[in-house]
Amino acid sequence: ASACSSSGGRQEETATGADTPELTIAMITHEAPGDTFWDLVRAGAEDAAAKSGVTLEYFSDPEAARQATLIQAAVDKGVDGIAITLAKPDALQGAIDNAAAAGIPVVGFNAGIDHWQDAGLIEYFGTDETLAGEAFGERLDEVGAEKALCVIQEQGHVALETRCDSLGEAFEGESETLYVDGANMPEVRSGITAKLQEDADVDYVVTLGAPFAMTALDAVDDAGSDASVATFDTNADLVGAIEDGLVEWAVDQQPYLQGYLAVDGLWLYGTNGNVSGGGSEPVLTGPNFIDQDNIDSVAAYAENGTR
Amino acid sequence: MSQTLTMRTPGPGQGGSEKRERVGRRSPLRRFLARPEVGSLIGAVVVFAVFFAVAEPFRQAASFSTVLYASSTIGIMAVAVALLMIGGEFDLSAGVAVVTSALATAMFSYQFSLNIWAGAALALALALGIGFLNGWILVRTNLPSFLVTLSTFLMLQGLNIAVTKLVTGSVSTDNVSDMDGFASARAVFASSIPVGGVDVRITVLWWLLFAALATWVLMRTRVGNWIYAVGGNAESARAVGVPVKRVKIGLFMTVGFFAWFSGMHLLTAANGVQQSGEGVGNELLYIMAAVVGGCLLTGGYGTVVGAVIGAFIYGMTRQGIVYAGWDNNWIMFFVGAMLLLAVVINMWVRNQTSKR
Amino acid sequence: MVTLTDTTEAAREERAPSEPVLELRGVGKTFGNIRALSGIDLKVGAGEVTCILGDNGAGKSTLIKIIAGLHAPTSGEYRVDGEPVAFTSPRQALDRGIATVYQDLALVPLMPVWRNFFLGSEIRTGFGPFRMLDVAGMRRVAEEELGKMGIDLPDIDAPVGNLSGGQRQVVAIARAVYFGARVLILDEPTAALGVKQSGVVLKYVNAARDAGLGVIFITHNPHHAFMVGDHFVVVKLGRTELDAPRSELTLEELTHHMAGGAELDALEHELKRGEGEGR
Amino acid sequence: MSQTLTMRTPGPGQGGSEKRERVGRRSPLRRFLARPEVGSLIGAVVVFAVFFAVAEPFRQAASFSTVLYASSTIGIMAVAVALLMIGGEFDLSAGVAVVTSALATAMFSYQFSLNIWAGAALALALALGIGFLNGWILVRTNLPSFLVTLSTFLMLQGLNIAVTKLVTGSVSTDNVSDMDGFASARAVFASSIPVGGVDVRITVLWWLLFAALATWVLMRTRVGNWIYAVGGNAESARAVGVPVKRVKIGLFMTVGFFAWFSGMHLLTAANGVQQSGEGVGNELLYIMAAVVGGCLLTGGYGTVVGAVIGAFIYGMTRQGIVYAGWDNNWIMFFVGAMLLLAVVINMWVRNQTSKR
Amino acid sequence: MVTLTDTTEAAREERAPSEPVLELRGVGKTFGNIRALSGIDLKVGAGEVTCILGDNGAGKSTLIKIIAGLHAPTSGEYRVDGEPVAFTSPRQALDRGIATVYQDLALVPLMPVWRNFFLGSEIRTGFGPFRMLDVAGMRRVAEEELGKMGIDLPDIDAPVGNLSGGQRQVVAIARAVYFGARVLILDEPTAALGVKQSGVVLKYVNAARDAGLGVIFITHNPHHAFMVGDHFVVVKLGRTELDAPRSELTLEELTHHMAGGAELDALEHELKRGEGEGR
């Protein structure tokens, strides 16, 4: 599948963008390294950068104070634009202000839909975790679910907690939260198993990341429960699982698109002064349901690592 | 030599009287209670009783099997970590090394289109190599194991993600579940065995087997003697001719082996796909299991059985909270409180016995 | 031990000094900027007790640590049976039959007495991968050997750390005596011992000599030294100050040398005065 | 007593000669090199040189100020952790205790509508209380600090999130930036001060001040003497009358104080909102800084200056990688490799000096 | 020290046994199932040297640890100046002027010599929160006091762990002598010492007695004991076997008791035979 990539579009596309000024863009997220979701974000960002002849520097730290320091470092370097995830807006404010003072445009993506304007970002690409959670809850109602188990793989993570909370609010049935240690798959598995053994009423297991959906399937098996599994976010394996009907659906916020648009937005702003959403409206990338009905349109891209 | 030096003892009467005069009677019970792992055993019993009382589902055999499984995934590594700790060192890289092994098996197999077992063999060589390197740097530089294994930890953490991404283009490996040998590997590392109506995960049996083996090595072989000596006082051990460096390197390689084993379980249990960002933080759980079980962080003291009990306490607590249906927000608090409860009971038992 | 009678000079003179088992030539050792030893020559023959004497900090322990393979000398040559050796571990010295009782004893406090006794030289039974410790045998031998030295421990399973200072000393001595095949090195073995136990140790030194072993015996007690020594080496500030066979010395001369030669007179004088003033 | 025992010395001639005969000359340079923290200083210089060479932005004053800031946030805690470690213990709960203090300040102030400083005072009492509890359990039960502080760590981690959710209904605190006293608190804990054209974060100054103060305490006060003694050999220290328990509890409370201080910085730097799930893992960074700086994990040896340098090495590495633009996936690998580099150089320097 | 002359009996008889400073009544101590001490009575008067003698493991160190406040007795009563005390820490004993040299020395190996010397009793200057260590003063005093005992260390800043066994012993003794205000307890202080240093320690014991201190002196060397002791207590298997003033004993009787009474004869006999056989 990757045979043609050596002669791929990168060089050609770089060539096409050669007439615009060379920009350096820093992308700084709250990723805890090693999450498939951010793979897709980076893939989008890199593709956009390659296409526009942008030098992309990607850094991440889940701890807010250190993410702020990373932004400060980008300001020190004097990059031409910064794309950030605004998961913990208050802690980043100082660094954002410093960027503004240095005349560096900052865009937001993925998290912070409620805060990006106050924070002084020029544009925002992403979805709203609240919207996504609510959509998920409504979908649960549609399929007649009665009790959902929302599995959070990192306790205290703002976006994850928001998803479960808003899911719970929109969902008319009962919903419960289970915290597991995402760095320890066997424990995720036995934790979900234990919960299903303890509470036989659970008929939907909701995971907040694609790899955990796969593990939840095993746990459902182990517990001898007949609960269904649905999830937020996708990866290649999960697409296969939806194709096979193992996982009911996934709520997709199109991480590739988020990464792509964030870089592209900065490039457009830097080379042409464009502002997506006019500086007042966010550019939504989801939520978008992937299930057996539309999986075929996604599967091919998932294979490429872009969906 | 001893034969040539035949001399009379200064009369056995005097010696015998010392024992009679000064050593109080000590019941077998008391002797049992003074063993290093018994405190934690009683801690385990208390934790078990707590959950047995408050959580109805905890009482079922199937639940117990889940608890055992959760304990075994920590417990298998805890066996090796306990050996290492008795030998006076510890290994912060143990958690991510497990993931490294799983990633390596998957990537070797997939990239070279090998049988899973061949990939596993290469991964085993890698895991042992990492252990060797840890030990070798340690004995060469005399640095504390905290520093050496912390750097290995950080480096492996980075390598896991970076190399996986480099090789597969994503932070998880390609799926190897359809490759030759996967089914048999899965049977060995991640199957379930029905025992009296309940499915018991095979890792539980491996865990007990490894614990028994390690206990035998520790108590009944020369190497075991050396491990205690090296941990208790490396200088003295060296002075009487114990190959301190080889023992330490061997211990790190043992941890490597167990990491490989756990990695194989991880990979086969996850249907042949391994996420590269995992394993971080587990090293503390392994160390915790060993220490709760009575191993001294400073080395030279402890048992493998204790570490097994320590892992079991953790497994019970973590799952028991779920079975008890306690407010999930408080989960870490409860885990911490249970840990404290278990070790305080442990300590209290030990004090009681030494006070007689 | 006051009641131990000196062996007659005649008996000693009989045995000709044999070919040296160990030989040091011009050995020196520095720790950082401290010169612990320099230019030490020493010969230890079979069937001969060499006493090393000297002030605190003179370098005696450093010297025997070099002989035992625990430290490598920074200069000079070390020969065993005439051939130069460079031990990189005490194991090699042990394998050559050189067993040592260190001043700091080299015991592992948390381990049971019998495990300490056999540490590094365990007895095993079985074969192949199933070779395992002969626990019963080791416990029995350890108990016996300790008993021979007049120590009958309440519990051979007790950790060494719980023993009294003297009991620990005896464990270390018993071990070295049991394993020392050709040369036995004792660094202040009687320091922590009672009168009776000291007597037993001196007996062992004698017995070891008679069995043809070379013995190196370090002590601060001139009585003890003179009772068993064939040859006396006085070390001072890291250098050999005196190296003489027994025939050339008296107990008084030896005591004199041990207290630092000429300085003793001044001290003795002062002691008397000090007492006179005191009362 | 000493006055009544007047006796002549046995003549100074003999003693003097020992020095002359056996002590080789030792240059002031060599003496300097033998200090515990100098190895890490040279490690720091090497790391600095590496990044100075490869990362152009690293050479600017503004970048250096960011590096110092990143170092100071770890370094302030590292000062306390180094003191504790010299005293023979360590504290796994230090990372989350920082967040606990920040959360407590915000919640006390908001819920009781207090001036921020009043909330901070309550939080300080809490932080000191946590430290006291850690120390008290430790000295009462004689448990290893690993276990005691691991349970505190888990409990605080749980409490941070659970209590925050209970009180505020979300995983972060309510915003207190508009409350009385916030501006002045911010000026004290999280402002910037222009020094020669560059804005230097105030935490950098606090960091250096605390390090100087701690060094003075350690080297020039009685308590400092006791800290070394308690860490070096608690039994001996007790035998000569050092109040071992009080020293240990005091050290844990010192960590509590610094956790409070760092928490205040966190809160004020984050505009008055604190996330409850943070801080996990930082405890290892603090310990790392102390150990890289030459503190022994077993206690009794080390300096605060070393810990400062250790934190600086970490800050340089972490930020330097960013300035050099190295790949994010490799970041942990580079951090680990730099750490190993720094400590191996450290060790090499020390060996060279002791070999003379 | 062989050259040290015994003080005349007359001089000793002169001083009447004063009111005891310390007194133990029926003191016992058990460790788990080991009965280390039982029913020990002991009186220590001012200006009096009490020698405690006994086999290895007899319980001497345990006894003095009780006196020093390091262990609490499990039975019996402990009085200082006639009033019952229950020390919970060695600090309290020190504050009462009871200073101890422990057999395991109670030094912190990684700390410099002078810091060890003053550990727990530091000298400070300044006032209020700025009270700080008088480093110069402490170094000077430590160096002086060690010098008085015949030890001139190359480097007062060297960690104690680098000293030779004897040097460490001297540091511990010098410290106790300097701080011991009323009672000085010495657990086998001369064990690791050279002839000269032992002489100095014995001088100190004499001087301390003359200055009116009560001294408890533990040793295995009957010469040393007889040279300075006013009162002798022999402990055996945790019980008092003999408790007699100097006037009721001779050196020979004392040696006899120290070696375990009647058993000595058998041993002596055997020793001779052993030697006879050996040759």
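A few remarks follow.
First chain written, first letter: the chains are A, B, C, D and E, and each begins at residue 1.
Just so we're on the same page, a contact is a pair of C-beta atoms (placed from the backbone, for glycine too) under 8 Å apart; a residue touches a chain by one contact, two chains touch by 3 or more.
Since we're looking at a predicted model, the values are computed, not measured.
Under the contact definition, subunit A and subunit B share the contacting chains D. Counting C-beta pairs in contact across D-E and across A-D shows that the higher total falls to D-E. Chain centres were defined as the mean of their Cα atoms; on that basis the chain farthest from subunit E turns out to be A.
If each chain is reduced to the centroid of its CA atoms, subunit A and subunit E end up 74 Å from each other. Chain geometry summary: the mean Cα position of subunit B and that of subunit D are 30 Å apart. Distance between subunit A and subunit D, defined via averaged C-alpha coordinates, is recorded as 36 Å. In terms of their C-alpha centroids, the spacing between subunit B and subunit E amounts to 47 Å. Taken residue by residue, subunit D touches two or more other chains at 7-8, 10, 14, 18, 22-23, 157, 161, 296, 327, 329, 331-332, whereas all remaining positions touch fewer. Residue positions 31, 34, 57, 104, 151, 154, 196, 203, 207, 260, 263, 267, 274 of subunit E are each in touch with at least two other chains.
Residue numbers of subunit A whose C-beta contacts span two or more other chains: 33, 155. Within the complex formed with subunit B, the residues of subunit C that make contact are 68, 70, 89-91, 94-95, 100, 102, 104-111, 115, 118-122, 124, 131-133, 135, 145, 147-148, 150-152, 154-155, 175, 177-181, 196, 200, 203-204, 207-208, 211-213. Of all residues in subunit D, those touching subunit A in their complex are 57, 60, 62-63, 66, 69-70, 73, 157, 160-161, 170-172, 175, 177, 266, 269-273, 275-279, 282, 319, 322-323, 325, 327-329, 331-332. Those residues of subunit D that touch subunit E in the complex are listed here as 1-2, 4-5, 7-10, 12, 14-16, 18-19, 22-23, 216, 220-222, 224-226, 228-229, 232-233, 235-243, 296, 300-301.
If you check the complex, the residues on subunit A that touch subunit B are 2, 32-36, 38-39, 155, 176-179, 181-187, 189-191, 193-195, 197-199, 211, 214-215, 218, 222-224, 235-237, 305. Every residue of subunit A that touches subunit D in the complex is listed here, in rising order: 33, 57-60, 63-66, 68-70, 72-74, 76-78, 88, 90-91, 93-94, 154-158, 161.
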